[in-house]
Amino acid sequence: MAADSAFAAAPAGRLARLGRQLLGQRKAVFGLAVVLAFVLAALFAPWLAPYPPTEQNFADAMQGPSAAHWLGTDSFGQDIYSRLLYGARSALWVGFASVALGLAGGVALGLLAGLRGGRSEWALMRVVDGLLAFPELIMAMAFMAIFGLGLSNVVYALGLSFVGPFARMVRADVLQVKSRPYVEAARLMGVPERDIVARHILPNIASPILIQAGMRVSIAILLGSGLSFLGLGVVPPTPDWGLMISEGRGFITMAPWMSGVPGLALALLLVGLNLFAEGLRDALDPRLRKD
Amino acid sequence: MTTIDHKARLAQAMAADFGRRDFLKTAAAGAGLMAASAVGLPALAQGAPKRGGTIKLAWVEAIDTLDPHFTASAGSIKIINNVFNGLLKVAYDGKRVSFVPDLAESWDMPDEKTHVFKLRAGVKFHNGDACDAEAVKWSLLRVADPAVKSPHGWKFAQLDGVDVADPLTVRLRFKKPYAFLPVALTGSTGRAGTIVCKSAVEKDPKAYGRQPVGTGPFRLVGWKENDSIELARNPDYFEPGKPYLDGAQLLLIKEPSAAVAAMMSGQVDGMSVCPFQFIPQLRKSPDVSVFGQVEGNYAFVGMNNKRAPFDDPMLRRAVAYAIDRKVIVEQSYFGEAIPAYSCISPPMSDFYDPDIAKSGRGQFFDLAKAKEFRAKARTQGEVNPVYIVTDGFTGSGGMGTRNAQLIAPMLAQIGIKPKVELVDRAVWTSRRNNSDFDMYDEAWVADLDPDETIYPEWATGKPWNFVGYSNPDFDAACVAAQDIIDPAKRRELYVKAEDLLMADAPLAVLAHMKVFKIMARKVQDFEYVPADLLDLHGVWLA
Amino acid sequence: MGKKLLAALGQTLLVLLVVSVVSFGFLKLAPGDPVALMLGSDYSRESYDKLYADLGLDRPLPAQYLQWLGRFVQGDWGTSYVSHQDIFQQAVLQALPVTLALAALSLALALAVGIPLGVLAAVRRNSWLDMAASAVAVGGNAFPSFYLGVVLIWIFGVSLGWFPTMGFVAPWQDLGAGLWHLALPAVTLGAWYVGLIAAVTRSSLLEVLEQPYMAAARARGEPGWRVIWVHGMRNVLMPLVTVIGLQLGGMLRGAVMTEVVFTLPGLGMMITSAVQGREYIVVQAGIMITALLFIVVNFLVDQTYAVLDPRLRQHGR
């Protein structure tokens, strides 16, 4: 099987092959370029931003794009371009941090379920099914209702809502790998459980899980902005795309760029992430069509 | 012996004159406070009123309860105004505000402390109960009853007793002359004189606010959460021929831009209130009439006097002088307001000083002075007070978090960096009521007399004194002013009270705002009353 | 077969139990004193004690849970502190139909647009049509629905005036007005799905296009459209059902946004208002009912699976 031989090859060669396959995918390249652009924008925001994101200037409020303000200003006179760059920070942070949290929790649960098997697996999976029954946004909203608003709470809320999906995926992958002949063989040979997990199971589930994680980042960013849009995420005047879109609603006829610019930025980032994740998936195993 | 016409004296004293030229001289907003906004003359009627049709209104403000004795929200008052009647009601002829009998047919004052109301015959509540003198007495006493704990009970503190002279005559006796009575009975922020139905209240007091039963031209027939409130014509209404409308559908739209979109696309016939920034656009629209003037209100920042850091008056004064009101007017109210120097607002023309800007009285922007006070404050070094804000538009209270966001950089200049906490309206209200804040901002609106605009908000121990301010001299001045009818003498007392209030600065006043009602052209005979009312009694659809 | 169904039901029941525990836990975690909240501003010691006992707060946690569960199952979901309205009535009789109507129309729209798009892309593989369809697919999936809704309101609602910008009219009461009011919201919500459906249709169709039985059908002289739509679609059905079922969570999330933007009084709006107003008891009802919906739909999807794919019937899951 392709996956097995891939495993047998040295990791460096595998990575190189992956790189080549990836570049062959136009989607992935385009997506990666977009994502990288946003990541760089976020990282270098303090240097790229012409103005502090919360600096108010009423004389220039609600101006369209101009030489002084490339993307216009909002109703407080804050520079939209600068807020866009800083907003990229919170968006990307929410996306990656919450997915990382969910991943950690999900892997732990999924591994436990997959390895134990039997009754405890069955019970754990029913618990996971229960968690999965709550739509992520609603679970995050309920979390914010209890624990309050703010960027860290958004990360926790979303992270929690991702534990379920990851747990299910991890468990399914663990089961698949567990049943492979060489793993059975290793077990029969008396290799300790811990080593089996570390050397056989984890590396094999790593790629599918990471792909899933990648795809989830765009959902996390979407949900995070959604929460802010509903007034249940970060607090003004934090530069945040969802918050900017929400504030822009009240000015849509006089200053449509207030909602328009962050809306397009968000859409672009999500498209980039989706394309990259899809490209990654197609590159690693074009025959794989499940999600 | 000539009987002194107490009523006429009182009426004259209470009437606010909008048309006086000295009023027009009011400071900042200069060019056309009156000219720019549509003076509320009724739209040119096209023929005789047509009967029928249901008006659809976009309702943006929150509605707390429709029990008039417990409400505190402008959104509720406007509805209550159509479902209930009071002994008196507010009337406006385009120039003067006056108080005319509503449920009562006539209103007499045999002496300074007694008011006699002769009721109309045959008035019935929506459930069929008779609205006679006994019913009126019960309703008035309900407000006054300390056990009921109505937040409007203070309006009857001086009430000595209510007598039923005959089935259609009610006599109110007060311990002292009570100049404020007409406003107390009609005061838009909760009509103490609004008559509620005893049997309905006693059947289920908690639910009465959701299923109000009054005597008004409309009955409440439906209330769907987050959706709409339906009103239907009361066929037994006592004003002949009215109401013309079959009913009203109030669409509850929390997001103001959605309401404006609905208005501009013709989906609704009017808006209960409108965000300031849309006004220029709506004025230009040929299908829409914009009604609005500076009304009796003031926006302010309240500071918690009961705990640090704002238990220190020096710090509070620093805040009061550090705020640039012009910026607030331009940026928070989009120019549709005037800077406030004290609490009393232009419609209270017997008490408002149009030259207050030049008088040096009150609070205003003076950074040097602010820094002076700041240097004398107890806490030097950076202060981080908790500033609670809520999103959600209140037409007469500024736009959600805008004031806080505008004020924060202003205070940073004097070493105060507020910690803004965004919470939802319900949480905000509860924190404000429990004094769980250091700073908050809101507005007291739809006031017609100084007594209601400063007394229950800043006198010791009063229900709306959320900041815990206490100054016995201030209390005494207000109480003294309540007993006097002569406007000149009252004015002196209120000047004194205000000067005390502004100097102690438990609040920093911000602005007096215009309040808008938007109606489609096809809505006829809408009479604008500058007390934030949306009266549908005589309205008809062309 | 019957045994499989029973086993599936049993599993579902257990999951429902987990959901109920989580929902119960949520209300327990919520800050504030529920008795005080329910009684409002002012109450006597005895009414407090009475309600306290009635809510079972003096009993141990597991007993409280059972009491709550018992009441919940019978439709006693409590009364909202604010509106004094029965929550069951509000959630199930008023809000739920609105959300279902929105979801149904959105799905129908997404299928009506997505399937033909996918077919086109498969049949004209790698042509510019394929690229265009791909682009629409990706775009629809990524565009934030709350932003899309706002844009649609102002272009089609206000500027052009073709559609209403808010409000809900029940289609079962007035079909025309109902559909007209739901048009923009359905487009907003459906856009998210169009891409997915198109992608699944395309890939499933591609899988079988070169299969012998398809060639055979063509050889028999069957018209092209019949070949695709009758024979080809059989292979699309299952993945389509899977995807729809799996993405239901996404649809509920989109419904929250869409309802808020278009002021539709559905479940999403109810939950959002309740969270904003910290009305925990309504939030709890909201999360229970959305979870219930999700589980029920998943169960139906699984059973549809079994019916559609005879292979599954024999091997079990």
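Observations on the structure shown:
Chains: A, B and C, in written order; residue numbering restarts at 1 for each.
One rule holds for everything that comes next: contacts are C-beta pairs under 8 Å (C-beta built on N, C-alpha and C of every residue); 3 or more make two chains touch, one makes a residue touch a chain.
The model shown is predicted, which means the values in this text are computed figures rather than measured ones.
Compared on C-beta pairs in contact, B-C and A-C come out with A-C as the pair having more. With centres computed as the average of Cα coordinates, no chain lies farther from chain A than B. Centre-to-centre, using mean CA coordinates, chain A is 49 Å away from chain B. Here the CA centre of chain B is 43 Å from the CA centre of chain C. Note: centroid distance chain A to chain C, computed from Cα atoms, is 22 Å. In chain B, the residues that reach two or more other chains under the touch definition are 255, 424.
With touch defined as above, residues shared between interfaces to two or more other chains in chain C number as follows: 154, 158, 260, 276, 278.
Shared interface positions of chain A, defined as residues touching 2 or more other chains, are 231, 249, 252-253. Against chain B, in their complex, chain C makes its touches with residues 40-42, 80, 82-85, 90, 94, 153-154, 157-158, 161, 164-168, 260-263, 265, 269-270, 273, 276-279.
Against chain C, the residues of chain B that register as touching in their complex are 149, 206-207, 210, 223-227, 251, 253-255, 258, 261-262, 264-267, 424-427.
Residue ranges of chain A in contact with chain B, taken from their complex: 56, 58, 61, 75-76, 149, 231, 235-237, 249-254. Interface of chain A with chain C (complex): residues 126-127, 129-139, 141-142, 144-146, 218, 222-223, 225-226, 229-232, 242, 245, 249, 252-253, 256, 259, 263, 266-267, 270-271, 273-275, 289, 291. The residues of chain C lying in touch with chain A in their complex are 11, 14-19, 21-22, 26, 29-31, 138-139, 141-144, 146-147, 150-151, 154, 158, 203, 246, 249-250, 252-253, 256-257, 260, 271-272, 275-276, 278, 280, 283, 286-287, 290-292, 294-295, 298.
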